[in-house]
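Heads up, the next two complexes both have chain A, just with different partners, chain B and then chain C.
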Partner chain A sequence: MAILEVNNLKAYYVTHTFGRSSTVRAVDGVSFQVNKNEIYGIAGESGCGKSTLLKAISGLVKPPLQILDGEVGYNFDDERLDILSLRDDRKRRKLRGARISLIPQGSMSVLNPVRRVRKAFEDVIYAHLDVSEKEFEELVSRHLLALGLDWTVMHTYPHQLSGGMRQRITIALSTILRPDIIFADEPTTALDVVVQRGVVQLIKKIKEEQQNTLIMVTHDMSIHANLCDRLAVMYAGEIVEEGDVQSIFSAPKHPYTTMLLDSLPKVGDSSARVSAPGAPPSLVDPPEGCRFHPRCPHVMERCRVESPVLNGLGNGHRVACFLQEGGK
Partner chain B sequence: MLKKYYIPRLIQYFTVLFIGLTLVFVIPRLLPSNPVEHQLSRMMSQGQYLDPSAIEAMRETLEQLYGLKGGTFEQYIDYFKRLFTGDLGPSFTQFPTPVMTLIRQSLPWTVGLLFASLSISWIVGTVLGGIRVSFPRSRLARLIELLIMGVRPIPYYIVSLVLLILFAFLWPVFPMSGGYSMGVKVGFNARFILDLLRHAFLPILSMVIIEIGGWFLQMRNVASNIVEEDYVVYAEASGLPKAKIVFMYIMRNAIIPQITGFALNIGFIFGGALITEIVFAYPGMGYLLYSAILSGDYNLIMGINVFSIVGVSTAMLIVDLIYPLLDPRVRYQ
Partner chain C sequence: MKNGKLLAVDNLTKVFTKGQGLVKSKIEAVSKVSFDLELDRPEILTLAGESGSGKSTVAKLILGFETPTTGSILYKGEPIANLKGKKDFMRAVQPIFQNPFETFNPLKKVQSYFHETERNFTQTSPGQYPLTEKSLQLVGLTSAEIKDKYPSEMSGGQLQRASIARALITNPSLLIADEPVSMIDASLRMSVVNLFKTLKEEAQVSIIYITHDLATAYYISDRIAIMLRGQFVELGSVKKVLDNPLHPYSQLLKTSVPAPDPRDRWTEDIALSDLETKEYTRKGCKFAGRCPKVFDLCHEQEPDHHAVDDRLVKCHLYA
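Let's turn to the complex of A and B:
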């Protein structure tokens, strides 16, 4: 059963300067479904709208970001709601952190620099649960123990911890209330490779233990290969290919996906890796037709004028490319 | 912690004091005029006949009194010796009243006036700045911003003169000048305190109106960067109550530079508020300094400068000492 349904979501950054408005079409007509208990990956280069998509589906919409169209529906066990039509700010707050939670990028400043780690836990837990101090300590120490963290971190300030440690604490904070859905927004950026592995395993472990749904956003295809059940590839604000990880990695259908996969190193292949040429287009003025056509090695006349739609290829694999329609 | 943080700051404090006080000593001695000769010629120009030996004796006495006896180095040592005993020498124009006495009379007025206006403008400006950023869509907050920004560029003396004309002349609800009314008994009684507040109201208001702008702007600018910080976004994503985010995440971080600014301004209090005190004829340090400059009373100028230097550097020291409490990151730097 789908726990998250996104339909034709359009999230644009609209800015007005001196009477001229400019629109960045960061997420442009995206639809997908995430099933309960699965790990859903979202891949794509920087500037493809991955983070904006996350903001929009978790309801963190602040100007200049605007939702122009679409719906984001959650099917929890006991209720069903559309987060974008929730007018009551308090209701949305109750949802965040408790039922849907975010693991942010592993940056330096996710934790408030002037508050001890304990305060961060207090803030999150007391915002959602009515518990005594003793229950609070029990809850946190059990969770920390499960994550292999020591209680002493509670007394530290964020700047006293290493980047990996901070990210573990952030993960602990995001998962302490056993949310139904976890959004992980590039949780491994800014961490070194050894720590990255630990963080990914930690997220996986929590997911298995808490039986929740995980949406993993990262540009790192190797993480998707290791972690995800299903994968969506985004390009220039649109989903260009979606399917289960096995079939995407073994037989990518979209030229962009092929490009991404070709840049990955493979065991036993010592030839130089080809990086994807060019860069994603400006989303202020995306190219006509298929947005990928300026970089596409198989570009045809039709691609320059018409834009392809996501078409099913059977067994849940969808792709937006004319090549798959026998247009060759 | 003690060795790495406090000791260097104490050393720095005393070094700054030493250099500042030395400059106060050196600068008047670089002036082309000599106060002893100045005084003597003033006496002689009054038409008095003095025989040369009497002039010589008088010169000696004056040099002793002014601390100008002996070589420059001897004077320098003597100057510090006298500073430690709290002796700043006599005022030249109100001879032989000691400078210390004059300052002691003016200081409470200035401190009261400036501390009140500083605190009020700091609190109001900081809170409004924080609110402006935390509630970007509030119309009221935007209106307040417009008002503050509109008033801020008005030259300070115009604000005080306008207030004076409006509320002391055209509609005389407040007194024109002075620190308290003639005939009111100075002391701790209700009548005196009320009178004091009435006299202080317009000067304080004039300073508050202008100073709010600075605090508001600084707070707004710092806070608008903090709203974009990851920890604020993450706090939003964790569903924390809005009030918690505003106070403990946005304001708590934005207030650190505000507190530095506040403490530094406390240091400046000891220099007085020149224009306010002149416009409102308020008997404070600024007024004292102004008359000292006009009459070339440089013992008094030096005395006021000593107070300013000690005030500013002590305030800096206090900021440094309490900073680790405000910002835990400072401790290990």
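Let's turn to the complex of A and C:
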């Protein structure tokens, strides 16, 4: 069953300066579903709209970000919610943290540098639960123990901790209320390989123990390969390919996905790799037709004028490319 | 005095002191590091390791930004300390930094960096910048592409290539590239990495490539040094070290690189590392706290570099 349904979501950044308005079409007509209990990956390069998508589906919409169209529906066990139509901000806040939660990129700026880690836990827990101090300590220490962290981290300031440790604390903070859905936004970026492996290991463990749904956003295809069940590849504000991880990695259908996978070097293989020509387009003024056409090696006349839609190929694999339509 | 060496680093140690008075503590950021680069045979040497392994400190020491506590760095037989601030040295050894968006001042046009470098190091007539054009060509850009542009108007890949082109104006013999591709998107990353390969082959530039990404290291470098807490734990040809790592830490590092293949996932769990400072001040082998093959001697005595199979391994297992 789909726990999250996103339909034709359009989230734009609209700014007005000196009477001139400019629109960044960061998420442009995105639809997908995430099933209960799966790990769903969203891949794409910087500026492709993956973080904006995450903001929109968790209801963190503040100007200049605007939702122009679409719906984001959550099917929890006991209720169905459209987060974008929730007018009351308090209701959204109740939802976040307890039912949906975000693991941010664990940089220095996530935890308040002048407050001890304990304060961060107090903020999260007292906002949602009515517990005594003793219950609070019990809850936190049980959770920290499960994550292999020591109680002493509660008394530290963020600068006293290494990057990997801080990331583990943000994970602990995001998962302590056992949310139904966890969004992870680049949780392993800027970490060393060994620490990164530890963090992936931790996220997997929590997901298995709490039986929740995980949406993993990162540009790192290797992390997706290691963790996800299904994967969506975004390019310039749109999903260009979606399918289960095995089939995307073994037989990518969209030229962008193919290119992205081909450019990855591997230890033990020094055969020549090339980058795609050009760079991702600006979302203020994306190219006509298929947004990938200026960089695509298989570009046809049709691609320059018409935009392809995300079409199913069977087995849940969907691709937005005319190559897959032309009777192949 | 060593002859025939472009760069000779011998027993290099850098100690940083933290705190004052009674709470003073010392951290050996770089500890007894030695390596050479040949003068007539350009090569790409990778320094790989986690953050806090001292790899950037090595770069800063070579560039003369920091002074070594002990040990020496000779550039073409001359100690770096004597060369620091001299134009010839600055011309020959050029840095490339991690984040191209921070390398360039956002309020200055990109071309101004080129023109400034060219004015500083060569005698050009005003308004004429022939070397700018030439070095841009080497990295696959044209001066029309950077003309009148601010850094924010260029992509990360373009900007990093511009940063490399700027370094090439002086016709250097050694580039120190500190994590040059970690901020660049995957689809553009290889354009920069391939560029290093071309530079080595065509412009005869030696490169010290500092990274934590073993996949690109394997792809471009000739030799690799795996660093842990300031020390070289394994040094040798990249094919040998990464195909068949000998030091337990190199082995852990290699298996921790995620493979871009869903059929090849991590299955074993690993021990998470201690606090960094604990490892720096550890007696004996720095890896002893996490090593799966640890034995008593490791906690007591620091291992020497042992020559095994054409490489140096700092581990008691190979004594």
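By definition in this document, the second predicted complex is superposed on the first by the 323 of 328 C-alpha atoms of A that agree within 3 Å, B and C clash if a C-alpha of one lies under 4 Å from a C-alpha of the other, contacts with A are read in each partner's own complex, and residues count from 1 in each chain.
Simple rule for what comes next: contacts are C-beta pairs under 8 Å (C-beta built on N, C-alpha and C of every residue); 3 or more make two chains touch, one makes a residue touch a chain.
Nothing here was measured: the structure is a model prediction, and the numbers come from that model.
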item: Chain A as common anchor, with chain B and chain C clashing or fitting; value: fit
item: Chain B versus chain C as contact partner of A:Gly97, first or second or both or neither; value: first
item: Vertex chain A, arms to chain B and chain C (CA centres, degrees, nearest 10); value: 70
item: Which superposed partner A:Ser109 touches (first chain B, second chain C, both, neither); value: first
item: Which superposed partner A:Ser58 touches (first chain B, second chain C, both, neither); value: first
item: More chain A residues in contact - chain B or chain C; value: C
item: Contacts of A:Gln246 with chain B and chain C, given as first, second, both or neither; value: second
item: Touching partner for A:Leu173 - first (chain B), second (chain C), both, neither; value: first
item: Contacts of A:His128 with chain B and chain C, given as first, second, both or neither; value: first
item: Which superposed partner A:Glu209 touches (first chain B, second chain C, both, neither); value: neither
item: Chain B versus chain C as contact partner of A:Pro265, first or second or both or neither; value: second
item: Lowest inter-chain C-alpha distance for chain C and chain B in the superposed arrangement, angstrom; value: 5
item: Complex contact set, residues of chain C against chain A; value: 50-52, 155-158, 185-191, 193-194, 212-216, 218-219, 239, 242-243, 252-254, 256-266, 269-270, 272-273, 275-276
item: For the chain A and chain C complex, residues of the former touching the latter; value: 45-46, 148, 162-165, 168, 192-198, 200-201, 219-223, 225-228, 245-246, 249, 259-261, 263-270, 272-276, 279-280
item: Touching residues (chain side chain B, partner chain A) in the complex; value: 136, 229-231, 233-242, 244, 248-249, 252-253, 256, 326-329, 332
item: Of chain A, residues touching chain B in the complex; value: 58, 60, 63, 89, 92-98, 101-102, 104-105, 107-115, 119, 123-124, 127-128, 157, 159-160, 170, 173-174
